[in-house]
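Each structure below appears as structure tokens.
The following pair of complexes shares a single chain, chain A, combined with chain B in the former and chain C in the latter.
Entry: the complex of A and B
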């Protein structure tokens, strides 16, 4: 009988003990993977959202930063306005390459004239836009025409319909953007002319009209010239244009980043406590098992098994249980986060995007290693103690 | 191991039987209203009703697994448990379905809960089947 067979026999010999140790490994690996996936997924999602916006600086009306960030990140519609002449002022600032205005709109809540209730809509100026237009040109070879829209990955017409009804106006969905795990996935993008057309027709076609204040915009996307100092351009915007706040891309979604840092700290503390308790529990189970099997291991030693063999068999047993438990834990955690990702996003109020297969495999490996290390660490002391006992004394007891 | 899996079956049966009834759109106050003014529950509600049946079957499988001693019985129970798990997955995905809107509660909680529980029930059935076969080999 080799080391592996002996370890397997011992595991099946005491199912309940093995189950407790494997359960500890399962919980440890599952918790570690779940939290890592959650936090990395949120960070990944934030980065993608910033990339999708494509702007170096987003200029919003003063005091509306949190509202705009909430709209872009969680798809919570917001209506913020500032004068349209802000765009011209920003465009003339040295270091600014392009300044493109956007309108933030929303569909009505629970109205039959809108296919989707309270949906966030962004209208852009196709003449200056650098966020959606380059992607459209690459994908379709042309921009959007009147009545045409582009949606986030979650936007689709209702079953049996080809168009989306917005304020009683039927718009045609031309394409869907890649998922970002943020509110941009639930956002409808259209040109200024389509937004104005919807607005003018909504007075007769909708339950309530779509109101766009004249000569007003919601935000300005700014791209700076290569080599320009982003901070200097931001400061210049603050000085030159009163009543607006420039948000640099690196500082976007700061409130969510702070929220995630707080969450990370709490999770690390909980995980540290869970890890410590698991090691103590596994150590205790192994100590009890080692005492129970004193005679059995004494016989093995009397039959010629070396101390090293006894020590290795105990650690092999621990490793096997750790791998079985951790594999089950990783399977359950991975499946749960995949299936419940939307619920997690909504209930925790954070964006989330699943990682690529390569990154996921890396984290699965890390989870297995953590469980393997923890269980072996807990089993080390009892294994040393029992492998050093005198076989004659052990068999007599 | 088989007894532990019997306990797992009972827990899963409770989840499959109870959770969908409290996470379908009807429980959240959402229903279809016909032109005649009649209120009709959506697909997710009927999935929740069907899941109660699956939950009862899986619960009985769990109880019998805890009480049984014969390997033949374990193998039969694992088969029924596996089919129940497959049904728990099939009801919200293929057989009945849930609402089309991904933002609805049934899509966010009811469907994932049934799929996850179904997969775990199938896994537990496979473990029981494997363990009962192994014991047969040892006896034989």
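Entry: the complex of A and C
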């Protein structure tokens, strides 16, 4: 038998104490991992969404920023319009390399095509597009033709079908983009000509027509020349083109970032309180247990255990309970995030993307370390106190 | 083997309020002796035993184990010495409730660098056989009677082949018959193994088991040869 085995036997023999300490470790690790996964997942999602949009500046009709961000981030379709001639105006502004228009459309509500009741659709101009086309060229070696679409990672045809029916028009899904955890994952991308074709045929083929106001666009994706000042270009757009709002990529999804910052602050406060309470509770449980086991520890000292052995043995018990509790907590938190991620996204109104296996492993390790550190910190004082006690006094009491 | 030189132990109860438990006692424990220390409750006999084992620091005086002052040693050296040279039998139930009888018996081997090997297993089995509990290896303390538990404690005390066995009122919680059995066991261990035994008791009739007795009162040796 060694110190580790002795600690293990003591843990299994003191079920209530072990349960309380392990439960605290479980809650700490689960809460820490859950919130980290959630916030990091949301942050990751935002970053990927900005990368996917690929624009330095997104120009939208004045006052529609929140709607557009909501559509791009949460997949809530929106219809916003501005005159098409803003593209030309923007393209001539010094510092602008490319200005490419997009149309924001939506499928019919409850359409049979889709996994969501109202699917977001983005139409782009293949002549100027620099967001979807480069990806298509890399992936398929060619752009989309009439009637062809690409979808977010959640877009797929119904089982047994090759095509997706949009307003009674059959489009062919050519590829799926990588997941971002945002509304872009449930968005259909098509060219202007396909959108116009769907719109014209929808008048006879669909329950309701897809209406695209003439000479109108929803947004302009702007790429600035390398070395140009993004703020200066944005300011210039504001001055030159009335009725639009330029959103710089760094400022995209500001309202969601604020929401997440608020959420993070709340979580940090709750976690701080939970952590403090856990430390106090574990410390109390250990103090009580050490007092209960005073005689037993005195006996060990009489049998030849050093102060260090007693100290290490108590901390070994604490560590084992922390690891057992934290492992259970991590499993529960991981499972909860995996199973309820969509529900969490909708409830909290934030995007979310599961991390890679490597990053997840790193966070699991961090969760375990947090639980280990916390439980050992709580057990430290009782362990020091009991290990320094005179064995004769300990056995007498 | 163990020498207590002008040993005094005073317990501080509250600020400025102290109780002298042992007052300037000299005691020489020689190899092979079976010393019985008798006295009423509070006479200082248990404190004297604890002082002899280095379990409590004397207020003044020296505790010498084979010429070495115990309190000149580090905690590690003192603990190692205790694990190798001294066996303990306590008045209260002192088996670890979470360990089996076997694990309790081999427990002292952890403290002198022992490993779980065949020799240890054989020694534990032999000792449990000697105390008549060979069939209780895998039992837990709660499954044993008070007398059986005390026998396991004796087996545990002998595990590291100590030179001296210190027993603090080992029969006070036992019925008369079990008390006699345990005392016979001590006598047998003393004669067959030649082990030095120092036993504290408040039962004067047990004095006859020893080779020498000491009587204590108010922290002083009042009778017998110290």
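One rule holds for everything that comes next: the second predicted complex is superposed on the first by the 389 of 397 C-alpha atoms of A that agree within 3 Å, B and C clash if a C-alpha of one lies under 4 Å from a C-alpha of the other, contacts with A are read in each partner's own complex, and residues count from 1 in each chain.
The criterion applied here is as follows: a contact is a pair of C-beta atoms (placed from the backbone, for glycine too) under 8 Å apart; a residue touches a chain by one contact, two chains touch by 3 or more.
Owing to the predicted nature of the structure, the values given are computational and were not obtained by experimental measurement.
**Q** Identify whether chain B and chain C fit side by side or clash on chain A in the overlaid structures.
**A** Aligned through their shared chain, the two binders fit side by side on chain A.
**Q** Roughly how many degrees, to the nearest 10, is the angle at chain A when you join its Cα centre to the Cα centres of chain B and chain C?
**A** An angle of 60 degrees, rounded.
**Q** Using the superposition described at the top, determine whether chain B or chain C touches more residues of chain A.
**A** C
**Q** Quick one: is A:332 in contact with chain B, with chain C, with both, or with neither? Answer first, second, both or neither.
**A** First partner only, chain B.
**Q** Could you look at A:342 and tell me whether it touches chain B, chain C, both or neither (first, second, both, neither)?
**A** In the superposed model, A:342 contacts chain B only, not chain C.
**Q** With both complexes superposed on chain A, which partner does A:390 reach: first (chain B), second (chain C), both or neither?
**A** second
**Q** Per the contact definition in the header, classify A:81: touching chain B only (first), chain C only (second), both, or neither.
**A** Neither partner.
**Q** Mind working out whether A:275 is in touch with chain B, chain C, both or neither, as first, second, both or neither?
**A** neither
**Q** Figure out whether A:308 sits in contact with chain B (first) or chain C (second), or with both, or with neither.
**A** Only chain C; A:308 stays clear of chain B.
**Q** Identify the partner contact of A:360: answer first if only chain B is touched, second if only chain C is, both if each is, neither if none is.
**A** In the superposed model, A:360 contacts neither chain B nor chain C.
**Q** So after superposition, what is the minimum Cα distance from chain B to chain C, given in Å?
**A** Nearest C-alpha pair, chain B versus chain C: 6 Å apart.
**Q** Identify the overlap between the chain B-contacting and the chain C-contacting residues of chain A.
**A** Correct list for chain A: 12.
**Q** If we count contacts the way the header does, which residues on chain C are in touch with chain A in the complex?
**A** Within the complex, chain C contacts chain A at residues 46-47, 50, 53, 55-57, 75-76, 79-80, 82-84, 88, 90, 92, 94, 96-99, 103, 106-112, 116, 156, 160.
**Q** Flag every residue of chain B that touches chain A in the complex, lowest number first.
**A** Chain B residues touching chain A: 1, 4, 100, 102-103, 107-109, 111-112, 115-116, 119-120.
**Q** Which stretch or stretches of chain A touch chain C in the complex?
**A** Touch list, chain A to chain C: 1-3, 6, 9-10, 12-14, 295-296, 298-309, 390-393, 395-396.
**Q** In their shared complex, at which residues does chain A touch chain B?
**A** 12, 15, 19, 154, 158-159, 186, 332, 335-336, 339-340, 342-343, 346
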